[in-house]
Amino acid sequence: MDELKTAEAPAPSARLLDRLRGAWRDVAGQFGASRGLEPHLPADDAEVLRAQMRECLAGKGGEVSARGRAAELGRSYLALNAEGRGRFLHILADEFGTDPAQVDAAVAVLRSAPDRSWRQDAERALREALESPRIKLLTQFNALPQGVKFLVDMRAELLARAKGDPPLAALEAELRELLAGWFDVGFLELQRITWHSPALILEKFAAYEAVHAVQSWQDLKNRLDSDRRFYAFFHPRMPDEPLIFVEVALVRGMTANISELLDESAPVGDPSRADTAIFYSITSAQRGLAGISFGNFLIKRVADRLGHEFPNLKNFATLSPIPGFRSWLDDKIAAGDALAGALAGRLPGKTPPAESLRPPLMRLCAAYLTSRHEHTRRALDPVAHFHLSNGARLEKLNWLADTSEKGLTQSAGMMANYLYRLDDIDDNHEAYAGQGRIAAASAVRALAKG
Amino acid sequence: MDELKTAEAPAPSARLLDRLRGAWRDVAGQFGASRGLEPHLPADDAEVLRAQMRECLAGKGGEVSARGRAAELGRSYLALNAEGRGRFLHILADEFGTDPAQVDAAVAVLRSAPDRSWRQDAERALREALESPRIKLLTQFNALPQGVKFLVDMRAELLARAKGDPPLAALEAELRELLAGWFDVGFLELQRITWHSPALILEKFAAYEAVHAVQSWQDLKNRLDSDRRFYAFFHPRMPDEPLIFVEVALVRGMTANISELLDESAPVGDPSRADTAIFYSITSAQRGLAGISFGNFLIKRVADRLGHEFPNLKNFATLSPIPGFRSWLDDKIAAGDALAGALAGRLPGKTPPAESLRPPLMRLCAAYLTSRHEHTRRALDPVAHFHLSNGARLEKLNWLADTSEKGLTQSAGMMANYLYRLDDIDDNHEAYAGQGRIAAASAVRALAKG
Amino acid sequence: MDELKTAEAPAPSARLLDRLRGAWRDVAGQFGASRGLEPHLPADDAEVLRAQMRECLAGKGGEVSARGRAAELGRSYLALNAEGRGRFLHILADEFGTDPAQVDAAVAVLRSAPDRSWRQDAERALREALESPRIKLLTQFNALPQGVKFLVDMRAELLARAKGDPPLAALEAELRELLAGWFDVGFLELQRITWHSPALILEKFAAYEAVHAVQSWQDLKNRLDSDRRFYAFFHPRMPDEPLIFVEVALVRGMTANISELLDESAPVGDPSRADTAIFYSITSAQRGLAGISFGNFLIKRVADRLGHEFPNLKNFATLSPIPGFRSWLDDKIAAGDALAGALAGRLPGKTPPAESLRPPLMRLCAAYLTSRHEHTRRALDPVAHFHLSNGARLEKLNWLADTSEKGLTQSAGMMANYLYRLDDIDDNHEAYAGQGRIAAASAVRALAKG
Amino acid sequence: MDELKTAEAPAPSARLLDRLRGAWRDVAGQFGASRGLEPHLPADDAEVLRAQMRECLAGKGGEVSARGRAAELGRSYLALNAEGRGRFLHILADEFGTDPAQVDAAVAVLRSAPDRSWRQDAERALREALESPRIKLLTQFNALPQGVKFLVDMRAELLARAKGDPPLAALEAELRELLAGWFDVGFLELQRITWHSPALILEKFAAYEAVHAVQSWQDLKNRLDSDRRFYAFFHPRMPDEPLIFVEVALVRGMTANISELLDESAPVGDPSRADTAIFYSITSAQRGLAGISFGNFLIKRVADRLGHEFPNLKNFATLSPIPGFRSWLDDKIAAGDALAGALAGRLPGKTPPAESLRPPLMRLCAAYLTSRHEHTRRALDPVAHFHLSNGARLEKLNWLADTSEKGLTQSAGMMANYLYRLDDIDDNHEAYAGQGRIAAASAVRALAKG
């Protein structure tokens, strides 16, 4: 999807990198000039790098100096090209992991602990032995301007390289643990975004929005109008970088069509008279935080806040894409499914499907959305899985709801509403997580059965 | 000391507790009414508590509900008396630690790992097994208002109880690891405090100041005057609670007497003409963060900032207490030391010592400050140890520098200046940390030799 | 009173004046060194001053330079003693007024204007001729740091000197017109004050509070507790100086006794359950703004805001002093009034009156509060006049309501509640302003009749 | 021009008007429903309006109610069309001016004043009589949200209608006096604008920029880069509306070509190494404040601030358009001037002039820029007049400096640098204002002589 797939973060411009390097040069300044490594990091330069890393860890001169050296090391990394970065990361992964001898020794102590009290001391020592030097080194970046963002982006780079590369995968996993601690939802700040927000921030939303692409500043302004709400989570050490954000329309009745919401010329509604909050876009903005979940919290905290601000709101629902339907359908057709087979060759690519296709498509889509993987017991559709595991209910299927090229390609133009009903969230979550039971309105259920 | 001994945090008033419980009641509200435990936590109530803790961990209904239950559990804790809290903490310590079977199994997998890649996966699994349920449970408090402060205070309570109680000591150690991650200096915010700062915050400085007690609001205002600087570290999730703070006077020449600085009627100097910044008080405000050090960072960052603001500043030095001198001297006398023995019975308690005692006292004090423990190789005096390990140099010893009762009792009225010279910090730190060499001005050295 | 009598602003400390002069020296710096006048402004120095004033007005070098010269002139004024300031003000008053010839010429043009259009041009020219040079000069102070406060304080000084000195009275009147324009209520900012407010600001409230003196920071903190509200008006160019402020208690029922509200150990109420907002203190903080009224606006805006925040509030009332009762009563006794005469010699000074005196005192006080001056038709009591002209109603008289020395001396310990009922405010105001009719509850009316 | 001609404020959208009317409806709400006038204000509705105005002035029910009625009146105005507004303004102008009888009476008192003291009282009374009811009425708008902006826009409307309409001209003049007092430069706030500023504000700069039109958000971002500075004046009661703003480039050497500065792909310079600040655009944003000057202050305050921030800056200069050159040249040609005549028919419209035309064009332009009106003694060119009266010097003439269509049309592509040298500003200003002497570099002078 969309609500799960993280936005493709725009590549940082050369100008931005220049500035970041500049800022870190100031921090590093007093600790000796940069060594000017070659971008692809040939063997000699790699040796220089190893020395830098060891110095960072040696902590010579106290922690303040150490952070200066971290800035220097960061500058080295940023100046490398893709090949050089691969080498940099492998040096970290191959040579700065835990010390097996130390771990084994701690394990030996643990195994021979005579009682519970000794054992607890031994566990503590073992935890310490299991914390790798590279993580201690990377932690030092949190004190640098943009240092936390640097680590988040480094993890994004690791994720892209980890497949089939166990050392990088191990480094990636350790970095994930570190970031998961820092980005625990308790430390995040929920901010309302408006047209009064800094242009710098709004520009990022436009770049990151992954569900319904932002067409222009005017489009963005429309999404911040008085009958809309726009919320994002931020981390105190990454104040200019949204982590995840949600766009909400305050309307009367359940919105069945996304173009109504994106139409800049539509009249502005009166939010105090709205009875329904439609969450029509939710985007994770940081690839480097994949697998660290905030979406669940964001939706519930926003719903809670809106409920207080607008006592007339009765329903909290999404208007969501159905990203996996068309490829599932194609598989179905290929597999010779009877019902699906009738559609073979009749589905246009970039124009809305004919009205005559509505009954079979709606039925198949309802069936798709209420189906689970046999093994994982998860809903087949990733967006469905996201909302169902949050405790929402599949409420309604909408025909010709998103006739953009993307909407037609993904789901033949259909979209779904998921309903968040406070009283049912816990039970729905339990039933889905425990027995894989999918909460769906009876109309959807009936539709699926044909 | 003082610069190491953490302030005795004032006991929270009943009114404050009422409010905190109130705030948490609102969070907990939707998750069922409080069970109203007895303050001393009899067996039946302990059973209720165990159930609460298990529910928190079960995560039923998603993480949002879990945090609501954490608020409920926190309210239970706050309503207990000392006896009840002891029981509460022991339940956590005895019953919610790591699962030995799970740890042993992870150890077994690690020991049989056939190669490095398997081994890294096994280490990751072992790290996970070593993270106790109680730490997962306590982590949930970070999302509550004042929740981080709650954990800091809980650790203070554990520290007070841990001696001779291995289970609580183990819990304390785990909580320390958790807090050390959260309070990594990279996440802290350096704030300048002025008379424009909120009364709420200033009130806390007055309560926490441990080196030179604040006598009145007028005294505090004097310390915030235009020829002074006052800086503190804060954590984003504890915005109203200073972690550590330092008071600086901008003067000409090295201040030798604390009363000059505390005299409210003294004329205000012109900071732009000052050549010396005197750090005359540094206080750790949170007992529950003992052992997690920021003082080193605070001094260096403040020195850096002042150096930029006032280019005329040439020296950065402290005017510090010598908290351990008198008790060392008494031990010396008791042990029959010749030089010290001459002072036996001649040291007044609450009046300044006679001028005739100046030579032997100065000599003995210089000797004390330049002495180390045989084993730890640390300076005997804790304040000396703190500054020497930061890379400062013992610069000067001052006679009749603090004639308050406390000053006379601790150090016969003497105080010391430690000098922070940017160029020497690294070498001094190295020499002290490595070989235990104490950096001292030649005059002090000569004094010590008599 | 109190609600009308402006607070005695604390004399600015010498230290503050030093700073202000310092700041202005920086502004003035580039325009030549200060001339160092003698504090009592002898004739020679007066000549220097005249030249400074003329230069300010000449506007040589553009307006920026002119403001630099204004800063210089302000520094001269601040360095003068009482005698010197008198001379300074008289130079302004005697020599920098309007130019009679210019005014007369403009009048002549007006009188001969042949039609309405000419006449309007002539009026415009006349308005310009009537704006004195001294006002143009003083206007330049608004660009200086603290410059607006400087003018406000200068008017306070003029008010103190104007009686029997027509030139200073004329200058005072012109300055009043200038300030009335700047301090039009549309430009003021309503701020809520809490324990989070800057100490600098809170210190001023403590100094200015004129109705119930602030005893300590603890007393002030009590007035900012969660069952209280504290609001003040500020001007954007005097951000650290409150203009007027009001203290409100959120209670159940009409408070009849001030000590309940000032008792720091009283339990904190739940504001969401309050049905009554008691305005128990309202103080004008700037003597130099006497006669420019904001109190009316402050009370109504605060009532409006509280009504939105606490929908359960039903009544908005004051608990007010009765400052003029005792002196009225003494006059009555001296004049041989029968009822009052019975009290002659029976009213204690500093102890609460005996219960036996309750009926006659209550009756007389009710009579006093419902009486008007024959000519002005205003209520005799200044606080009564203030609230009645705002449209409030005299609601209740309270026995032993303020037994502080001040309360006993002013009003034999009695206080009054005035009720603000939104629906009646306009009619009450009209009736009072038009026919001098005093709105009072029937019980008070009955009491007055005996 | 440009630096004097005020930006054409964009017409407010219908949506904005809707909101403003909505906000005022809330204020007006409690004072009775809107009467729904016809847009063109027929006679009956005009009668309703008169009654509204009279009620506003009657002040019935206190000032708070009066402001509610002002909101109601403002809503009436906003709902009118051009015809209706003309009638609205004429009612104000014709029927709510000063009372001639009252003015005449005050004049009579003044003329018969026996001494200075009486005279001063009479002047005060006359000033009061000369303040028209309509100004009292309009003043009430300052308390409404956007009320000050409402008056500024009303003056813009009056300016457009005043020519040949003496009553509206008189009303306009009075409103100008009122606004001049409120917008005295001492009350304005200088703000630095960056890419962190609210989008709402940046959008307005893009709309208002009158010298070099903003092409896109990217163009605007370029003007806010780290080697640029962007400052604006704001009024506290119009926080979202810039009054005037200036764009500055920090460069090495005197910039001779505007396209260098507007090129988004040009490399970013290092501002700390710049020696020259080029003021390349200055725009007044509010037509309704025409004739109330801030530009002078803005340039000098910004120069002062930059000088402190960047001690390496040595020159403060503009790169300015020459808006009147081409029309002056055409007049010259038409009048048969010999030198100019040689250019007749050889000046292309929209393409840069040939190199062969450089000598005569540069010579003629230098002559133009150093010429004055015979009567007013002002420089012929309005931009030249603006900078010369600020004390700047005409420093350099630049060939092919602005080859945009506008640049070619106005000045055959030439631009001028004006130099602000702190030491000479006062003398230059004096010489220009007093004797009309134009400060120009000798090279420009030589050029003009040919």
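Here the chain labels run A, B, C and D in written order, and each chain numbers its own residues starting at 1.
FYI, a residue touches a chain if its C-beta (ideal position, glycine included) is under 8 Å from a C-beta of that chain, and two chains touch if they have at least 3 such contacts.
In this text, all values refer to a predicted model and were calculated from it rather than measured experimentally.
Undergrad: Following contacts chain by chain, what is the lowest number of steps it takes to reach chain D starting at chain B?
TA: 2
Undergrad: Could you please state the distance in Å, as a whole number, between where the Cα atoms of chain A are centred and where those of chain D are centred?
TA: Centre separation, chain A to chain D: 48 Å.
Undergrad: In angstrom, rounded to a whole number, how far apart do the mean CA points of chain C and chain D lie?
TA: 37
Undergrad: Quick check on chain A: which residues sit in contact with 2+ other chains?
TA: If we look for residues of chain A contacting two or more partner chains, we find none.
Undergrad: Any two chains that touch count here, so list every such pair.
TA: Per the contact definition above, the touching pairs are A-B, A-D, B-C, C-D.
Undergrad: Quick check on the complex: what are the chain C residues that touch chain D?
TA: Where chain C meets chain D, its residues are 60-65, 67, 97-98, 100, 103, 107, 110-111, 116-117, 119-121, 123-124, 126-127, 130, 139-144, 147-148, 166-167, 170, 173-174, 177, 181-182, 184-187, 236-237, 296-297, 300-301, 390-391, 425-426, 429-430.
Undergrad: Which part of chain D faces chain A closely enough to touch in the complex?
TA: Contact set of chain D toward chain A: 15, 18-19, 195-200, 202-203, 217, 221, 226, 268.
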